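In the two assemblies presented below, chain A is common to both, partnered first by chain B and then by chain C.
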Partner chain A sequence: MPRLPPHLVTTARAQHPLLPLLLRQTRTLPLALSELRWLREYISQLPNLTLSRQHDHLRHLCRRRSLGAPLQYLLKSQPFGDVDILCGKGALIPRPETEETVVRLFSLLESQLHKNNHNNALLPTDRELRVLDLCTGPGSITLLAASNLYQLHLPRGFRVLGVDISRAALTLARRSLKYNITTGALPPAAKHSISFITADILNSNTHAAIEENFGDGSVDIVIANPPYVSLEGYWKDTSRSVRLYEPEMALVPPSGRDGVRREDVFYPAIESLSRRVHARAVVLETGGDEQSARVEQLFEGSGWRTGVWVDFAGVRRNVVAWGDDSWSWLATSSHS
Partner chain B sequence: MIRGKSLLRASAAPSPRCLLRAYGRPRTPCCQAHGYRPFGVTASLYKKQMPPRPKVNEDELEEKFLKGTPKKPIGGQKKLILIYGTVNKTSSAVQLRHIPAGIVVKSQETRSREQNRKIARQLLASKLEDIEKGDQSRNNVLKQVANKKKASKRKKSLRKYRKLDEAKAEAAGQLTDGSDNESEVAGELEAGEESDGEWEEEEEEGASGSAVQVAENGPVNQLQDAKADGNTPSEKPEQR
Partner chain C sequence: MLASMAADDIPSTVDAIRSSSAALTTALVPRNQFAAYPSIIEIRPGTGGSEATLFTNDLYKMYTTFFSLQRWQTTVISYQTHAETGGEGCSEAVISVATPESYDLLRHESGVHRVQRVPATETKGRTHTSTATVMVLPKLGEDEAEVENGTDDDPLAHIDMKEVRIDIMRASGAGGQHVNRTESAVRMTHLPTGIVVSMQDSRSQHKNKASALAILKAKVAEKRRKEREEEALSMRRGAVKVGAGRSDKIRTYNYTQNRVTDHRSGESSHDLPGFMKGNGLKEMIEGVREWDKQRSVEVMLAMQEIEDEKKKKEGR
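Presenting the complex of A and B:
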């Protein structure tokens, strides 16, 4: 990392004595100013702090930030679409790419429902719409999906199930659910339409666990943001802050198996699970162009029709797959 | 009027002042005179409508999500931003460009990208409207309202201090000295009344403008008039 130019540190210090600390991580002055503003906003809304205590706390947080602690851990949450996801040790901080994926999926679904005036083959007729979020982590996709689905006012309602192997992450996810109900981002009824279960997707017990929650075990939409960073990629590309603070488990799959690359291990498992639950649409996040191509090939090989979404940075980020033609609108890539 | 009349029937012993107000021109609702305030969740009807928030046409926009530091691939190294999760950026900045007008706005207000997108759109829309409509744009109208409120506040304080001065002068028996001052303030007040107009909002009794004059000496005058004429509203309190 290039050294910070001394004049930058001087200008920063002139604006606020704590700014140089933040500059160590942000590297640019505007971002450092924004982070300082967010930290101050967070501290000012903490209860029972005298002014001098507030200042001490601000200095403490800036020190921790300068050592690489993620801002989201210090502020204890990250806005994710309309909901706030609580952040803490043991769960990956939700990233904007995922946010974009979920927002895009449900805005597409909404426009489809409007186009066909709610009476089409998209929605199941005999039960609620079911969404399965595999590798949910801190529950970010699950909660945002639910908040988006509430806005659709589906006649038969919906249910979202988040699955993850990490108990720590799911504890955080359940807390996030309660937190969003208290802030009003989700209605109180969300308690009944959202659930989280602990299961290992790479083992076969997942389907039984899903059946326990979803009567006949069938699901409409599967969304997954599995760990997909290779081991080399983890050591070479990840920033120090990510390696120090965020769980490796959420980024790197456990191990490669029979001819499948380590970073791709989750995709075949997700594909076979999606087939077992009769999913009508699958939305996956991948590490980028090459991995997207491999995942697309995998799904096409199993008889799915596929498409790819490009994210805001111009990366082929998502692979979408669907079984019957009523979901072919998923391939629309008209997003700006 | 209707509210005043219905209250007249409902309450057992309304004060004469309140009754008169019900038949006269009630500046404040009767309930306020009785010591409680009306409570409702609907927006008050008398409030003048502000111009609507401007909107931008999505087709004319070019949106960019700024990353904290642009990561240049050095010496064959893979682009860092390509691999998700490998960096945890806190920048949620959104930059919008209006293609026909060539205006660029940027928002890094909140940590939520979605929120910033909305904020940037609002910013851009109000900028465009400022250019298009000039004084009639929402921004400028809001500014005008704020200025009016400020002016009305100033009038209130002037009136208050004039009264205080008068009281002082009276107490000291120096009415003649204060007369100069008084006329000056009064002149300013009248000038303010004329400018009070379109965007004036509902205010407390005796707040501002022409209505104040009625409120200040209205009830007393009306009471006297009513007594002299001997018409219905004044008789009712007398019957008690």
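Presenting the complex of A and C:
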């Protein structure tokens, strides 16, 4: 990383003595100021701290931040759409790209339901709408999906199931669920609409576990943000703070197999599972343009229709796939 | 005898008429849709180079002392110094005011503030005229931003998303799982009107987007409403152009004459140093508020007359 220009550090110090520490990570003054403001807001909400203790704590957090600790770990959470995801060691910090994906999916679904006045083939008639979130990590997609689904007031309700291999991540996910009920972001009934289960989707026990939760084992929407970083990309493209603090297993798949690249390993597993649960729609996050192209090809090879969503940074971030034409609106290109 | 008794009643009756007239005006004028909210105030230099940055700094000091006089809770979101004038100038100040209803008072501060004085940097003793722009926005909470404050029901607030440019501070590189950046700032531009809203309040990009859109809609609606009002008023008043134009300067700070004049209410304060320490600012804003109310009533009358005129023509 290039050295910060000295005049920038001087300007920062003149505004607040702790700003140069934050500047080491943020690299720009406006963002350093924002982080300082968020840290102060967080500290001012902590109970029973005298002013001088508050200041000590602020300095301590700024020091840790300067060494690369993610701000989200220091503040212990990250707002994600309408919910807050608790953050800590052992789980990936939710990303704005994923937030955008979930928000886009459910706003598209909402406008479809609106258009057809709830009277169409989109919703199952004999049971609730079912959403499966594979590789849920700290439960980010699951909780935001539920919060969005509540706003749709579906006649038969919904259920969301989050699956992950990491018990540490799921512990955090369950705590986040409780936390969002406490803050009122989710209603108390969310306890019954949301479940998390431990399973390794690269091995075959997952379907049985899903059947246990979802009676006949069928699902309507599968969403996944699986580990998709290549080993080379891990050392070359990830930021130092990511490598130092976030679990590698949430980023890089365990190993390649059957001629599939290591970074792509989860996608065939998700595809075959999606077919097995008779998913009507699949929404996936990928590492970008080339990987999206490979994933599209994989899904098309198995008979899915596919489309790609471009994220706010212009990257072809999501592959969407559907089986029958009633879901072809998924291909609607981005509006932002 | 009877005459004097009647005469006794006159002053109290006049008072009663006055107060009911004021009450009627207040009742007629709808409350601003964001009146109940806390606010964000942004001050930026306009024309006048480094002198404008010095004046921006003066306004910044004026507002911060005013806020502490009011015992309002504030946070400085951004304060950028201007290097050329030795750290005294300010190229941008953004203050968040947490006090509810502060928007209702401060919204009258939005506009161009003009200063006339001999700047500290001037060597030949000439008086300069410079400006600074103050922008006041309602600070919407998370829930309010979500429902967009009912601006959806306001036809004037309708905007086509195709005409909105959204700029998001983005990192170059792979994004997604590769980085855990905290940058969440969003800037939205309504291309037909050129109205820009920046939002960096929340750590969630989505929330910043939602609040930026809510404010953008409100500002577009306000601009359209103003244009409609100006039109109606100038029709009512004949060829006479209305005021100095609301988009123009709202207040002049004349240091040589030790005077601050508000161009909307026409009121002046003759204690400029005191004013710059926040004394008398509240009273001046109250004056503008009164002016605004009267004007709103006139606008309503003008609109009604245009309606009536239309009906008459149609009836014929």
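One rule holds in what follows: the second predicted complex is superposed on the first by the 335 of 336 C-alpha atoms of A that agree within 3 Å, B and C clash if a C-alpha of one lies under 4 Å from a C-alpha of the other, contacts with A are read in each partner's own complex, and residues count from 1 in each chain.
Definition applied: a contact is a pair of C-beta atoms (placed from the backbone, for glycine too) under 8 Å apart; a residue touches a chain by one contact, two chains touch by 3 or more.
In this text the structure is predicted, and so the values were computed from the model without any measurement.
J.: Put the two structures on top of each other at chain A: do chain B and chain C fit, or clash?
T.: Overlaying the two structures gives a clash between chain B and chain C.
J.: Contacts for A:239 in the overlay, against chain B (first) and chain C (second): which applies, first, second, both or neither?
T.: both
J.: What is the contact status of A:58 with respect to chain B (first) and chain C (second): first, second, both, or neither?
T.: neither
J.: With the two structures laid over each other on chain A, which partner does A:43 touch: chain B (first), chain C (second), both, or neither?
T.: neither
J.: Just to be sure I read the superposition right, which of the two partners does A:313 touch: chain B = first, chain C = second, or both, or neither?
T.: Both partners, chain B and chain C.
J.: For A:14, select first, second, both or neither according to whether it touches chain B, chain C, the two together, or no partner.
T.: So A:14 only meets chain C here.
J.: Pick out the shared contact residues on chain A: the ones touching chain B in one complex and chain C in the other.
T.: On chain A, the residues that contact chain B in one structure and chain C in the other are 26, 30-31, 34-35, 38, 70-72, 75, 78-82, 92-93, 95-97, 99-100, 103, 228-229, 233, 237-239, 241-242, 246, 250-251, 285-288, 312-313, 315, 317, 336.
J.: For the complex, give me every residue of chain C touching chain A.
T.: For chain C paired with chain A, touching residues are 75, 77-81, 83, 87, 142, 146, 161, 166, 168-171, 173-185, 200, 202-207, 209.
J.: Looking at the complex, which residues from chain A come into contact with chain C?
T.: 7, 11, 14-15, 26, 29-31, 33-35, 37-38, 40, 70-72, 75, 78-82, 92-93, 95-100, 103, 225, 227-229, 233, 237-239, 241-242, 245-246, 250-251, 285-288, 311-313, 315, 317, 335-336
J.: Going by the contact rule at the top, pick out the chain B residues touching chain A in the complex.
T.: Residues in contact with chain A: 61-63, 65, 67-69, 78, 80-92, 108, 110-115.
J.: Applying the document's contact rule, which stretches of chain A touch chain B when the two form their complex?
T.: Touching chain B: residues 26-28, 30-31, 34-35, 38, 70-72, 75, 78-82, 92-93, 95-97, 99-100, 103, 228-229, 233-234, 236-239, 241-242, 246, 250-251, 285-289, 312-313, 315, 317, 336 of chain A.
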